[in-house]
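Across the two complexes that follow, chain A remains constant while its partner is chain B and subsequently chain C.
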Partner chain A sequence: MARDADFVARFHLAYTYKRSTGPVIGRFLTSLREGRLEGVRTASGEVLVPARAYDPRDGRATTDAWVDVGPEGTITTWTWIDAPAAGAPLDAPFAWALVRLDGADTPMLHAVRGPRAAIATGARVRAVFADHREGGIRDLSCFEVIP
Partner chain B sequence: MRPVHIAGIGQIPNVRGDTDHDEVQLVQAVASAALAEAGLHKDDIGFFCSGSSDYVMGRPFSFTMAIDGVGLWPPKRESHVEMDGAWALYEAWVRLQHGDVDTALVYAYGKGHGAPVDGMLTAQLDPYYEAPLGPSPMALAALQARALIDAGRLTERDLAEVVAHARRLGATHPGVPAIDGPLDVDALLDAPYVATPLRAHDEAVRTDGATAIVLSVGGGGPRIGGIAHCIEPIELGLRDLTAATSVRRAAAWAGLEQAGSIDVAELHATYSPQAVLLRQVLGLADAVVDPSGGALVADTPFVTGLSRIAEAARAVQGGAVRALAHASGGPCLQHNLICLLEAR
Partner chain C sequence: MSEPVQRVLGPVALDYTVHAGSVTGAFLEALLDKRLVGRRCPSCAKVFLPPRGACPTCAVPMPEAVEVGQRGVVTTFSVIRIPFDGQVLTPPYAAAHIVLDGADTPLLHIVGECDVDTVRMGMRVEAVWADPIEPTLASVRYFRPTGEPDVAWDAFKEHLG
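Right, the complex of A and B next:
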């Protein structure tokens, strides 16, 4: 903790560059902007969501076969956050979860809107897209539990 | 393989907020102690390797400044990893296998108390799909905890028990800051959740500190019987969070199965569910686990793993026949190193 006598130099660290998304992640994010969810088939035949240019588990390039997935899916694990941090996907208490979209073989990390009592492993959820979308993972604003 | 021994150890207490020493002073203190224990002068050392983080220090190439702590002159064979110091020790062990140098000084330093370590760790996640969402390290640890609960592998009481165990042992260890909070399992279970099923005490206490180890080929001290590391994808969705696959592989590659029974184990678990999972997959039922209190009660970022090796080596110096040290990096035990230490 800073005491009055301390000399304090404020320093703001920022990454002030654009990052290229490439053809595979770029396509996934472009589809998100259009309100669609897509996965890519790996060399071993699984549907990877979110899509990547390679499968980190075996290092092999993914194929050019794209598969529509979701917009519904299933929670595979979750945690409830009563006090969301500034900048979290949702202002109100929410869950982080891994959600496996229908048609996908791998779950993805995202936020799930409450109520808390509805959040459970195996619960069915549906994608909620942001009104304003710009080609990033937050174009998917969260998931909501299907009543 | 050339036999590599731990010839000297230098440690200072982990503290909550060290405003009296800069990083150079931390390194100087532990390096001097390790060299003195080994009976060596810094000019005798053939290779230097350190582990630290520019993000913790807040400036690029920060390790080139901290090397003042071991002296810049004469010019040194030197390397650095932007990882826990346990991986600097691994690099030094590999370097000693080359055969042209026989001694190495490994050190790690960090100031985790008050540093924005959570933000740093979140920034290390996948830059397209995970980091922009901003999950805290505790939220990710909680996803693993839930997966383990769903699989019937742990209960919330198990989590409270490993925290109580860490606090009881840490309370009497000179390297651990004063324990702040209850030692009793029921009292721990009464605390509110931060990220269900985890409570604030399920996260390690972040501290400032440093550790140094002198390695020598031959000579005295605990012998490194096996050392190996293994990494999994950073994306949680591409891993079985209940399997600890890379822990098992690192242990197998280090020769754990052939090694015989482990007397003492020191584990780098910065969240309580990791401590439970590590005990399960490493089969430590008969071992004294975390006699130092472990990472949960004193977690100095980029030092904690090297400190586990130092503590395991101390256990061998104190009479244990065989000790295991574990180091980890990344979310939910993504990257793991196992170092087996044996009495000579």
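Right, the complex of A and C next:
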């Protein structure tokens, strides 16, 4: 008889990836480090945030026209996280949300600080930047709902 | 800090708990007795080691336990020469697919007690057990060359894929 109840193991699987950003996401992150949100204009005139090298709609390269967006925006959809996992952007319960920044045509995924009752599709939010910024997406700490 | 951003750290990590279940549990139980026990498919008769609960080809349960040999053949291998985060062994070392005598599937393990440059397809190896034994595959410390003549390609080529 197998004593399978005895055979339980804890695993920690981790990879320490370092990624090349490429010039477009690199510029987006450089701006974040400066406390600014920028999008890039596609050949068809839309503003992509986060910036991308190619337009996902038609595959064409995006232009070199950069556009300041935000720092305020609107929640387009969201899900509430009651128990944040290790490594989550916020320790307290928060919402993962798609936020369309003012001036952008696409929403970006980020964390929105609670309270839970303030989170709603259509709610207006504002970017909260980290005090210490290093050129990564976490330079944008989260969004907060504008009362 | 005025340099444009060109790289970002993107660590990913998962913490999880594995319950061995009855099939892997029986395999781990047998390791405590220094035995390697797989499962035989009632349909295609292949012996899986490590065992699985069902044959992935025939999609039928495999209730029959089969003890396989402690010797086997290296069917393919890779020499790891570069360090990486979390690495347990010191490079260079050889990771190999080993099909044990009586098994039809490869076991991924380490080949030790030899120069990595001598590891080759068809090489005969045998299990070297750790002391003490614990219910993990690390209880086989590694496989070492037996010194037997190499196995001909035709005898193991069907076990490569």
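Everything below uses one rule, namely that the second predicted complex is superposed on the first by the 129 of 147 C-alpha atoms of A that agree within 3 Å, B and C clash if a C-alpha of one lies under 4 Å from a C-alpha of the other, contacts with A are read in each partner's own complex, and residues count from 1 in each chain.
Keep in mind that, in the parts below, contacts are C-beta pairs under 8 Å (C-beta built on N, C-alpha and C of every residue); 3 or more make two chains touch, one makes a residue touch a chain.
Owing to the predicted nature of the structure, the values given are computational and were not obtained by experimental measurement.
Trainee: With the two complexes superposed on chain A, say which partner A:136 touches: chain B (first), chain C (second), both, or neither.
Mentor: In the superposed model, A:136 contacts both chain B and chain C.
Trainee: When the two structures are overlaid on chain A, which partner does A:107 contact: first (chain B), second (chain C), both, or neither?
Mentor: first
Trainee: Counting only touches as set out at the top, which of chain B and chain C does A:87 meet: first, second, both, neither?
Mentor: both
Trainee: On chain A, which partner touches more residues: chain B or chain C?
Mentor: B
Trainee: Quick one: classify A:29 as touching chain B (first), chain C (second), both or neither.
Mentor: Both partners, chain B and chain C.
Trainee: For A:14, select first, second, both or neither according to whether it touches chain B, chain C, the two together, or no partner.
Mentor: Second partner only.
Trainee: Shared contact residues on chain A for chain B and chain C?
Mentor: Common to the two interfaces on chain A: residues 6, 11, 13, 19, 21, 29, 87, 136-137.
Trainee: Spell out the part of chain A that touches chain B in their complex, as residue ranges.
Mentor: Chain A residues touching chain B: 1, 6, 11, 13, 19, 21, 25, 29, 50, 55-57, 76-83, 85, 87-89, 96-98, 100, 106-111, 121, 136-138.
Trainee: Quick check: in the complex, which residue numbers of chain C touch chain A?
Mentor: Per the touch definition, chain C meets chain A at residues 1, 4-22, 24-26, 28-29, 85-86, 135-136.
Trainee: Chain A touches which residues of chain B in the complex?
Mentor: Interface residues on the chain B side: 17, 19, 58, 114, 127-130, 132-136, 139-140, 142-147, 150, 192-198, 233-238, 241.
Trainee: Spell out the part of chain A that touches chain C in their complex, as residue ranges.
Mentor: Counting only chain A, the residues touching chain C are 2-4, 6-21, 26-27, 29-30, 33, 86-87, 135-137.
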